[in-house]
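In what comes next, subunit A is part of two complexes: it sits with subunit B in the first one and with subunit C in the second one.
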Partner chain A sequence: MPDDNETLLDVRDLKTHFFTDEGVVKAVDGVNLSLKRGQTLCVVGESGCGKSVTARSILRIVPAPGRIVSGEISFRQRHGDRIDLARMNPRGRDIRNIRGREISMIFQEPMSSLSPVHTIGSQIMEAILLHLPVSKAEARKRAVSLLDLVAIPRASEQLDAYSFELSGGMRQRAMIAIALACEPQLLIADEPTTALDVTTQANILDLIRELQEDSGMSVLFITHDLGVVAEIADEVVVMYLGRDVESGDVDTIFHNPKHPYTRALLQSIPRYDSRAGERLYSLKGTVPHPFYRPAGCPFHPRCDDFIAGQCNANDPQRYNFSAGHSVRCLLYVADDDRSLRDLPT
Partner chain B sequence: MIWYIARRIVYLIPTLLIVSMIAFLVIQLPPGDFLASLISKAEETIDQAQVDALRERYGLDEPIYVQYWKWISGIVTRGDFGDSFEWNRPVSDLIWERLGLTMVISLFTLAFVWIVSIPIGIYSAVKKYTIGDYVVTVIGFIGLAIPNFLLALVLMYIAFRYFGQSVGGLFSPDFIDAPWSLDRVLDLLSHLWLPVIILGTAGTAALIRVMRANLLDELSKLYVDAARARGLSELKLLFKYPVRVALNPLVSALAWVFPALVSGSAITSIVLNLQTTGPLLYRSLQAQDMYLAGSLILLVSVLTIIGTLVSDILLAWLDPRIQLQ
Partner chain C sequence: MFRRTVGFVKAVNDVSFSIRLGETLSLVGESGCGKTTTGRCIARVYNPSSGSIHYQADEGESVDLAQLDSRELRPYRRQIRMIFQDPFSSLNPRLPILQIVGESLKANRIARGSELEDRVAALLKRVGLRHEYIRRYPHAFSGGERQRIGIARALALNPKLIVADEAVSALDVSVQAQILNLMQDLQEEFNLTYLFIAHDLSVVEHISHRVAVMYVGKIVELASTDALFRSPLHPYTEALLSAVPKPDPRLRNSGVRIRLEGEVADPSNPPSGCYFHPRCPYAQDRCRHEEPAARQIRHDHWVACHFAEELELRGFEAIGSTPDVRQARARAQPSRKVPKT
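Up next, the complex of A and B:
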């Protein structure tokens, strides 16, 4: 476990597998990430790479038949103690005191993450009353000020509104208000803007950033949108098939990417200066079926720099380029004598 | 909300009118009439003059719309449902007590079905694919598959053989014709459990399956995860969110419960010798006793419509999404 005070969340070699009747799906199979106080960490990857399962593993709300098989989720509580969330009973009181109080989460679809038959206010007040020693009247007052905080107009009226009476953007604001009800240290945002249109998306991102500046909370942001990453991230973790393939600060990832997958992702962003008729770069192949995980480096069948006999045989270990910049790729590890190969430029 | 209810009540009027016409039309459809079947069954030949007198009295030779008008205006203005040919008594004498008893049995059965099946359905959904779920499912399907009248015979045997209870009917012999008193009510209650269990078994089995399916749909919804992520305990979470939403379809099913209880359990009621409307309707249809049959069909239809109204209002109250649509 890290012992510095600045690291709020440190995930080491987390493995979350789903034990289905057809076989074991290794949705998360060795993820490492680390998040400092007050910073924003973006987890990026294609659909099915295990981003959401990683996020849910932290809060211990992985749906059955999934469960954490190994790894460590070290979290520094408000009063300074470090605890390992991975070892907690997912139905126990201890993890419930973390959920909503220390770590909150907002989800991809604001419509379905709010109850269809309860008012916005009742759900905010529920979160407040669960964790803070306040009366119902105080909770209601706090709920109104939370709706004000997330810039929902006519807050005291909207408190009694149902989710279907609000627009998509307003719903996500309401979700954020619920998440912030007890001033958590960490906000996990699982693709919170994916279901929204671009303008609303920008507003929500601005809101999250403002709230973060005011409160000093950390944000774990799950997304597949590299544009969003460039806008809000301090640190980035790129995931592929349940693993972190590259992690580093946002400048390094965008300007000096080392892993072929990261490079391919960046190349597939459409550019303003591309000429008419020029073909958009696209990654070859598709994400493999979860039951047929390629041996060796799981990315090798799609990789442009594939080394036969190496990549399909050996499992790449994490290699640190510099402090905070690590890559899992055999290009950077020696064949036999484990000395560095020539770095491709 | 008040406007919603008022609007729904106004819609009732044309529906009731049409339903009453159809009810009357239906009982006129089979060839012949009560007098024809009376003549065919009679062992001695009946005096033609006597037949003509009856025909005259009930207006059987007049066009159907005149008959309908006589019938419906009597009901609406005087509460007069006409006379039963077969019993030779006013229909209203025959049906009200039976209707009262039917209501009592229905409400007890409904309560029994809900009290038993909702908790079992919740258990079955939360513990899906466990041994407990499979056991409940098997019992549920057996309950669905056994015909009610067979269950009635078996339970009647058990009640008579091992509990020494007088079976059949809703009262002990001493109380059948007694005036209403506290003792008679207690006697009724002591006889009620048998028909309630028998009439409720199939409904319970079906409702367990419905509740289980509804809840399974809701349990995987994102709002459940979101509530869990706020730190709510599993039990509170379950009852506040998914169970609450999963109950809504059951409320809308209330609409069918009323008519089914009045007319649906005729065979079981005959086996159990219950003084309810089911057997009465069955016999009146066989005998072409048109005013009795028509009144019962009309009442069943009215109960259906009222049941629908009640369930719609309940649903609008339970589910805030309804009023907007």
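Up next, the complex of A and C:
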């Protein structure tokens, strides 16, 4: 376990597998990530790469038949003790004291993650009353100030509104208010702006950033949108088929990416200065079916820089390119002496 | 406009535009602005309450699709096809690909039996799928492959105009790039005209020749892609452009973001005057009372704003792309001609 006080969350070699009737799906198969206090870590990747399951593993809300097989999720609690969330009983009292109190989560679909039969206010107050020793009246007052904080207009009236009475952006703000009710140390945001319009998305991202500046909480942000990553991330983890294929600070990932997959993702974004009719760079093939995981490097069938006999046979290990920048790719660890080879350009 | 018990929702109100042969016209705007309704009216999925839809038929005469009844529409339904957003719900899970793609060929008595199979196989091949897949059902395909099936279905009758309603919105960025490239290739090969409905402005910028921006059922600005992104004339367009996240962390604090206050106006109870005035940072008294008409201000650049000449609005700043992207671009194929207008 890391012993410095700055690292809030440290995930080591996490494996979460789903034991279905048809076979084992290795949704998360060796993920490492580390999040410092007050920072924003973005997890990016295509659908099916295991980014949501990683987030759910941290909160121990992986749905059956999934379960954490191995790995360590070290979390530094408010009073300074480190605990391993991966070893906790997912139904136990300890993890319930952490959910909503120390770690909160907001989801992609604010309509389906809010209760349609409870008012916004009662859902915020539930979180407060569960974790803090306050009276109902105090909880209500706190709920109003939370709605104010997330810039919902006429907060005291909206407290008695139901989720269907709010617009998409307002619902996501209400979700954030619930998540922030007990001033968590870590906010996990799973694609919180994907379902929103671009103007609303910009407002929600600004809001998360402002709240983070004020409270000093850390944010684990899951998204597939590299534009959003560029806007808010301090650190980035790129995932492919349940692995962290590259991680580093945001500037390194965008301006000095090393893994062919990271490069391909960056190249396939349509950019402003492209000319009409120009073709986009596109990755060949699609993400393989979870039951048919390729041997060796899972990315090799789609990789332009594939080395026959290497990439389809050997499993690439994490290689530290520089401090804080690690890559899993055999192009960089071709020989036993770990000599560095750069990508052919 | 649709009949509701509570009143009328003017989902699309007084919209006029034209699409030129062989071009891609995009409709953009926030959810609820009426872009889908407009597309569906053109494909006559919905019946417009008033107005006309002139369509240039093969023989050169122009027909008003809005006036035709369902029997008269049949020949035009072959020529105007749709591609839908959600590749999971737009394919019947109980039909094999042969039937999904071949249904319109069969219904129009163009092909049957082994000829039908050959034609469907050729269509699948054209959109980049293997012809052996012909007897499989939709569940066996990934999102990107399903969208290819949707495109093959739209292509089956050699259409002229394709209404693509958020055709790439549900796809991952790498798959999205494949589908966008495929759509551009098909446009060149078959001289297709696209009405491309989308909310992702970087995709729109990439694929369109011209762009129309909609707000609460009206088109507020219509211009060539370049003009609209570089020098927008409507404050709403400016705000939309400024909200797009730029895929480069070094530009994080470079641009000025215009925060739009409030919500999109309710189309059943729109504001007076210019619909955008309650959120517009430049609104003046005149905007509250007088509805702006669409005017052509520059060549081929239409805008509905009283102060379009006076405002100095910011476009999408030229984004310095990363070296890797420049390399990729150098590898990309040469650009194609913009269709004659």
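List of remarks:
Heads up, the rule we're going with is that the second predicted complex is superposed on the first by the 337 of 345 C-alpha atoms of A that agree within 3 Å, B and C clash if a C-alpha of one lies under 4 Å from a C-alpha of the other, contacts with A are read in each partner's own complex, and residues count from 1 in each chain.
Convention: contacts are C-beta pairs under 8 Å (C-beta built on N, C-alpha and C of every residue); 3 or more make two chains touch, one makes a residue touch a chain.
Because the structure is predicted, anything quoted here is derived from the model rather than measured.
If you put the two complexes together on subunit A, you find that subunit B and subunit C both fit without a clash.
Shared-chain residue A:A230: touches subunit C; no touch with subunit B. Of the two partner chains placed by superposition, only subunit C is touched by A:D251; subunit B is not.
By the touch criterion defined above, A:L265 reaches subunit C but does not reach subunit B. In the superposition on chain A, contact of A:E72 is made with neither subunit B nor subunit C. Ranking subunit B and subunit C by residues of subunit A touched puts C first. In the superposed pair of complexes, A:D148 makes contact with neither subunit B nor subunit C. Touch criterion met: A:S112 reaches subunit B, while subunit C stays clear of it.
Superposition on chain A places subunit B within reach of subunit C only down to 10 Å, the least C-alpha distance between them.
Annotation: subunit A has no residue touching subunit B in one complex and subunit C in the other.
Considering their complex, residues 30-31, 142-145, 172-178, 180-181, 184, 199-203, 205-209, 225, 229, 239-240, 242-252, 257, 259-260, 263-264, 316, 318-319, 321-325, 327-329, 331-333, 335-338 of subunit C touch subunit A.
If you check the complex, the residues on subunit A that touch subunit C are 46-47, 167-170, 197-203, 205-206, 224-231, 233, 250-251, 254-255, 257, 263-283, 286-287, 345. Residue ranges on subunit B touching subunit A, taken from their complex, read 220-223, 225-234, 240-241, 244-245, 248, 318-321, 324.
Subunit A makes touch with subunit B in their complex at residues 56, 59, 61, 63, 91, 96-101, 104-105, 107-109, 112-118, 123, 126-127, 130-131, 162, 164, 175, 178, 181.
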